[in-house]
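Chains here go by letter, A, B and C, matching the order in which they are written, and residues are numbered from 1 within each.
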Amino acid sequence: MNESIQLQLEKAPNRKAYLSTIALILLALLVWSVYGVNLSGFDQRGTQIASNIIRGIINPDLDFLFNLTSAGVPYLLFETMAIAFLGTIFGSFLAIPISFLMSPSVVSAPVAYVTRLIVIFIRTIPSLVYGLMFIRVSGPGPYAGVLTMSLTSIGMISRLYVDVIENLDRGVLEAMTSMGCTTFEKIRYGILPQLFSSFLSTTIYRYDMNLRDASILGLVGAGGIGAPLIFAMNSYRWSEVGSILIGLVVLILIVELFSNRLRSRLVKG
Amino acid sequence: MKLTWYDKVFKPKTYTLSNGKEVKQRASRTPIVLVVVLLVTIISFEVTGVDLSLLRTRGHQFFVILLAMFPPNADFFSSIWGPLFDTIQMSLLGSILGAVLAIPLALLSSSNIIRNVFINGLFKFFLSVLRTLPTIVMALIATFLFGLGTMAGTVAIFLFTLSYIGKLMYEHIENVDMGAFEAHESMGLTKVEAFRYAIVPEILPTYLSVSLYAFEGNIRHASILGYVGAGGVGLLLDERLSWRDYPSVGMVLLTLMLVVFVIERISEYFRMKLT
Amino acid sequence: MIEFKQVNKTYPNGVTALKNINLSIEQGEFVAIIGLSGAGKSTLIRCINRMHDINDGELNVNGVNVSKLRGKQIRAFRRKVGMIFQSFNLVTRTSVLNNVLISAVPDLAWWRKLLGLFPEQHKVDALEALDKVGILDKAYNRVDQLSGGQQQRVALARTLAQNPDIILADEPVASLDPVTAKVVMDDFKRINKETNMSILLNIHHVELALEYADRVVGIRKGEIVFDGKATDVTQKELDMIYGSPENVPSMDDPEEADV
């Protein structure tokens, strides 16, 4: 065997120990969590309820599903959409300054770090807790939902905005400097056009998620379709549950389809 | 240039160059988009009854509960760590199971792996529908089926993780360059071998990174599942909030923040190494 | 020895890519295949290792009728035929050495395949192959950190480690700069001389083809219109293969311009 080949063979990085350690830790964690979760099988009533749920979804309460008054599914969905919409708009506006404060390429590293820390903490408080706090401000209802959504969507939106800001194409700015543009011109024609469509795309993406999350808020009385859904479930009115779930699933699928279209249009310009 | 309905309403502008060539510029879509957004905003204001002046007059009420949490009740910590471990265990088990089962579903959804449009469509649709169901609703249903407790929470997290990773992975798999796969087939490898050596190395880092990210998020999700009786630290939050024992709530949130922070750090460290 | 006898190939969508191909290539020949885009060069090459099936005629490689092979036999046969691609087709997110080791995969035990472990002897073979193309020092780099020329040499090493009788190369230098292209072509030439492997390569760069190949095959619209020594090719032959300039579709062509 050639000497240089022998040499190269010995240089092989050995990651077996490292990888097996990680695998072992993972396995230990898995075992630990299996022991921790009390793995119960189906409750005795479980099968009964499962069949009730399926029956309810197959035979939804059609009156409720197509009832156009403010007590019907369409209006509730509409209200949920409105909550998510305003929550997203407010959240994305609030996220703009925060995201700049989080970008290490805009502000100094310590400032960016502290802002990030604060945002992580804001994000960790469950939305239901915020819901309770905001109900003190606005009283129960969709308004509290909007305020909650605005706050909870900041975390993720600003994190995505930061990625956009960090990935700005600096070549354009260089080119503009070489053309003799002022700072204002560089921001207006070099930075904003790049940021705008990416920010918009992020916002639309978040709307999707907010629509999904908006159904949680009903739990604390902050409006939307969540309250009637959970109420119907707790009182075993499965055909009503079926109507709401069908409405929700169809709505979210449609919105997702639209938002994907819109976002790919935005990317292509 | 293809004309859409929009161009027929708002005629494109035509410029004539000095050499006689004509260039058409489409009318900008910005104004109409702005009008639509404005309209939707106004309608949403009406529907939700948002009244911004209320923020000025009653905004301070938001901080009432927040301030009442200080100083957090440190003695309460001894009752926190049990449910907290429940939450972590629920997320861990749900995430691992979800991540593992997501692999076959993602493969069945990928048109470049399973060449059957019907099967691909079916599984893609299944994953999409699963994704539309809010975690808390799944948790509630699970409590009906499995009784109150951590099992219900684990099932909810499992289903959420499954749909999340499944969708991201099939999108990623469909974008993998099949060149190496082809090359391996040309070297006499079976399809399974070619998959193992050409596709797996390309998708494994992304898969691990997405799974870690999902786990990270699941800890946060898991903390509210207790609200519907699906076990974990949310149960405690719900209880203390309804007793208005805000210092204890503050302690729970503080602990949760620290745990989430530490887990995020660890997960971020490994995700950085993966890319 | 590769032998085409009256071979025809029509794709499922109705395009006839090869018409009445008769061609015979001896062991150890260095053949360049030239022709316009869409002439059928890739199709010709890919029929040889059964990446595509032929419709009629007979195609023999080293005395084996390729069309008759089934499943396992095809794979065993392909191990004796190496293939190089224009876009390298390497696994980019793993190391150079791991890519070269793929050539040993079919011989491994199942548990080794699962865990991705290779016996030492295979590693030595792979490193030797890397040494032959001069990138031994890059063995543990990730493929996506290499330049195009280096990547093509990794692909070449992967093929060499397979120890084939024949190397098929589909535009191996089309994505490389002129200097690197020459370096890679030199590698091909050297391997051809040292190991007596037959080399068939598709190439758009006529000068390179004439400089390196011993024999040139010209294809036009699925038919062989020229087959002879590289030294015999003159402008007249090239016009015959490529057609005179006025027949070449240009950007003014309404169909082409529509995209």
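The working rule: a contact is a pair of C-beta atoms (placed from the backbone, for glycine too) under 8 Å apart; a residue touches a chain by one contact, two chains touch by 3 or more.
As the structure is a computational prediction, the values presented were derived from the model and not from experiment.
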Contact graph of the chains (line, ring, star, complete, other): complete
Higher number of C-beta pairs in contact (A-B or A-C) found for A-B
In whole angstrom, the CA-centroid distance of subunit B from subunit C equals 45
Whole-angstrom distance, CA centroid of subunit A to CA centroid of subunit B, is 5
Subunit A to subunit C, mean C-alpha position gap in Å, rounds to 48
Residue set of subunit C touching subunit B in the complex reads 49, 51, 74-79, 81-83, 85, 87-94, 98, 102-103, 105-106, 113-114, 116, 155, 158-159, 162
Residue set of subunit B touching subunit A in the complex reads 40-41, 43-45, 47-51, 54-55, 58-59, 61-62, 64-66, 85-86, 88-90, 92-93, 96, 128-129, 132-134, 136-137, 140-141, 144-147, 149-151, 154, 220, 223-224, 227-228, 234, 237, 241, 249, 253, 256-257, 260-261, 264
Note: in the complex, subunit A contacts subunit C through residues 1-2, 4-5, 8-9, 11-13
Subunit C contacts subunit A in the complex at 97, 120, 123-124, 127-128, 131, 136-137, 139-140
Seen from subunit B, its contact residues with subunit C in the complex are 177, 179-180, 182-190, 193, 196-198, 201-202, 205
